[in-house]
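Please go over the structures that come below.
What follows is a pair of complexes built around subunit A, which joins subunit B in one and subunit C in the other.
Here is the complex of A and B:
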């Protein structure tokens, strides 16, 4: 909410509000809270792996539960809600409407997140965020596993409600003078990711129910002992969650589309190419799900089809990178904190994409599959691209949310430490994978290369941890005591470059 | 937009697409060659279960946690599982295939150098997944 701290309101007024900025604020605070919780688990995991043998975590089951909840938390309770936070604040403004299309539905979608998150954290399941049967059916201890299933079910419904709201807001509530082609790219990113959710998510919703009845012993969809097929679950899961990767990354790209032109002080190189790339990604994202399953014993033909489908998604991603670089080319760039995060995110997005081409090539996938390479690869997306874009955007919207400025130097320190840390952790993990270390292991034999690389990765993770602590301190301090922001031009870009200053939405 | 020409973007996309075509074609070709199992390959039945590997040679001898093979011969692994999904992996020879209960997956390799290699499980399978390891002994034929 604009200038929240100038006109303090009782907290329940914000909690029971349906105004898009209030719901956005709730999304933002919740998602950042879960970012720190999930990040703390990551630090514990890295500390455990610093030496071979048992360090700080008592047993492998606890470790397995921790990486499961780490992954589930950061995907479903940080990345998705933080994107919704940005969407709530900005999509109605960008399409020039007074609020989201369905304000009450919006609040309901948010309020499904705390119970979902509570089920996941109180259960603390151990079967990885992928919940693969038959392990999840016959072996995973309850009630943790069942609580995870119910938690994901609730979060899935929340995503679908949010997606419906964004689609209707953008398509039906945009200002009549505004053609769909003129809708800003950030709003376009929410339109495409919401459409992906609506098509992809029902499959996983079905798979979750089948998993639950399998666990109860009344069905055997994925249990070979009862005539089921565990590979069917893999198909249902990845049919949702490969497109979901694009659901996660597209809003982050949209946020970069907001930051890059403003801090380059140039219009975007090609608005239409950005729109085209979003639409292409949303479509071809559905042609690649089984590239996660080469090693399950797929035929040569199947593997070829999904390799081609995967490679087809690369040109659209490359179009985004080109668009960013072409916008910055010849621009008068000001490297304020949001710009640094966006540019760092683009560099890591490119690296992640290059690694993805390696994974999709069939023979190479058998080197990288389920090794630490894959851990490094997707973390370059979820941390390097999505979290970097989101954190940059949180800095960018900080004056809009609080009316105050964050500490600029600390913001830059945060970026530098996090960038160095990210490179140290995730590039090293790629190499560690090439040396054969499997993912999801509590302990490892003292192979000298493995030990050395795990230690580099752990030190990098601690750097990220320190940088995030600096960020937290900066946000808390600056939102109360920071210098007042010039709302016309908080970043001193010269001119009315700051989007939100145009906002006219009344509070209700 | 339309004020500026977009030809650099088209050139760039062309280069990207060409590179991807090359990667795809090369991968297709290599995988086709790699998957061709020699006819004289000896069959080893591999069974994964929580949390160890069992091997059965063609002559019926069984080994648990250890596998003894000879250089210069091709071996065909027929991999399955009795409980949950595991993944049979000899990293040094890029042998990797899931052990899925209810199906038999086939992969082959031909060890070239005598030595001791690690066998490990690469798909999460529960409590002792981290230590579901075995040892491959490759010996020169006597």
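Here is the complex of A and C:
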């Protein structure tokens, strides 16, 4: 498993390897690269909004391009690939198989990400990560919009290939002695999210093709001038992307299921309830997509059905939280960096979930719709839960990947700054939304409350930026010069690990 | 006895039909629906905030009580074994 410490290999050998740990490493480095690129755009957006009026970004079109690429990058090029990195590293080890089921397909799925990312970044489209029709159909400038569509198409195929690989690896390649019930919860999280991808993503794939042919003028699915309906796109998009929220969050919860028992020095309180909650989330994720569209003239009955469908996710999410708390209860918890991120992630997961209950209740949804409340809500999920779980896990797997330890004190500084920054940015944005500030705007009137809250949010964003710079420095320095890790027990927890250091370094 | 059963069956059928009619009847004007749903919303929020306070409080207490450096902390039975 340890890659470079004792037997360094040339870079090309890793790049063209099909071994799951090598592909996992490639996923990890690529996703972190895109995290820093997308994060830099976020800092520019927040700097622009520090004061009313034009600050550092030339015009509103450039601003639109920046938040479009920011959102697209962090969802498709950071969160999904970083989950794939963890899955590639750990799922075959957890199910006790020599590799992923289809190693070459695995490498192909990874190598579709750089061209997909390049199309998105070189095009720099301006129609939001939702590709808002009819603007995206009628007047979004090409070739940026078309490059975005092709980029997303490639990334979608990559996700489907990866999902097929995870499902087959877990269901068909697990050790014969291991029942499906014994598969660790992290692997279960990948099984659940992969099944969601396989069901949900083809709809968006179809919508992208329809969008492309609409833009070419040969069809009018979403073009009102040709009798089409932009709301149809909304249904197709959210049918994929509400379940996709669970695709993003379920692996992060799976990562917390690895960290919390380890650092609490107790096994997970209830493995079966964790499995049940993953499966329930995967199913009810499909009953809530239209809650994004309450304001589109749906009937009261339809809205009620989707409100109830959305709330159906609450019990399953609560099962995870209670499982974490019950695991910590009676433990002897070591608050090393990964554990701090995981616990912070639980707290913010709960806060984000509470905001979701408010969003799903249609009366308040009309107040918060398209306001900064929504921005605060989903960022609390993607940053507060998903990124926190993922970053914690990157710290956790660091010694297994590099054979060295990261700098613990810097890891904790990273966590504290990011936690404070996250609360400052995204809690404030909830309130800003209640004060009426719409999302996706380049400039705003100098209302004192709006100015003050935007400034708090920008300072919080800068804190997150500083913390991420510390992290980057820590990772780079420690991977080359960090102290050598005790691979039997890198975090000094006094336990024995059934994985992952037992995996041998591949020679392909 | 057979008649009795018939009556009981009829009662059940009538009650069910009644209930079905009541359920399908419109609850009132649009404004009333809004009132209903706002009431539901406020009740939900009371429940959500209460549970939120309990869970957050429990999490904070767990972090304080079961930390490694707590005076009463003792090794768990799983330390040093395969699990």
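In this text, the second predicted complex is superposed on the first by the 496 of 508 C-alpha atoms of A that agree within 3 Å, B and C clash if a C-alpha of one lies under 4 Å from a C-alpha of the other, contacts with A are read in each partner's own complex, and residues count from 1 in each chain.
Everything that follows uses one rule, which is that a contact is a pair of C-beta atoms (placed from the backbone, for glycine too) under 8 Å apart; a residue touches a chain by one contact, two chains touch by 3 or more.
Because the structure is a prediction, the values reported are computed rather than measured.
Of the two partner chains, subunit C is the only one that A:346 touches; subunit B does not reach it. Once the two complexes are laid over each other on the shared chain, residue contacts for A:331 go to subunit C alone; subunit B is not touched. By the touch criterion defined above, A:121 lies against neither subunit B nor subunit C after alignment on the C-alpha atoms of chain A. Set against each other, subunit B and subunit C differ in how many residues of subunit A they touch, and the higher count belongs to B. In the overlay built on the shared chain, the residue A:102 is in contact with neither subunit B nor subunit C. Using the contact criterion defined above for the overlaid structures, shared-chain residue A:36 touches neither subunit B nor subunit C, since it reaches no partner. Looking at the shared chain after the overlay, A:477 reaches neither subunit B nor subunit C.
Once the two complexes are overlaid on the shared chain, A:300 sits against subunit B and subunit C alike. In the superposition on chain A, A:361 makes contact with both subunit B and subunit C. In the superposition on chain A, A:51 makes contact with neither subunit B nor subunit C.
In the superposition on chain A, the residues of subunit A contacted by subunit B and by subunit C overlap at 267, 300, 357, 361-364. Touching subunit A in their complex are the following residues of subunit C: 33-34, 37-38, 40-41, 44-45, 48-49, 52, 55-56, 58-59, 62-63, 66-68, 73-76, 78-83. Partner subunit A is touched in their complex by these residues of subunit B: 1, 4, 6, 8-9, 12-13, 16-17, 20, 23-24, 26-28, 30-32, 34-35, 50, 83-85, 87, 89, 91-92, 94, 96-98, 100-103, 105-106, 118, 120-131, 133. Residues 264-267, 300, 321, 325, 328-335, 343, 346-347, 350-351, 354, 357-358, 361-364, 493-496, 498 of subunit A are the ones that touch subunit C when the two sit in their complex. Remark: subunit A residues 60-61, 64, 126-128, 132, 134-135, 138-140, 224-225, 229-231, 267, 269-273, 295-297, 300, 303-304, 307-308, 311, 314-315, 318-319, 322-323, 326, 357, 360-364, 366-367, 369-371, 435-436, 438-445 touch subunit B in the complex.
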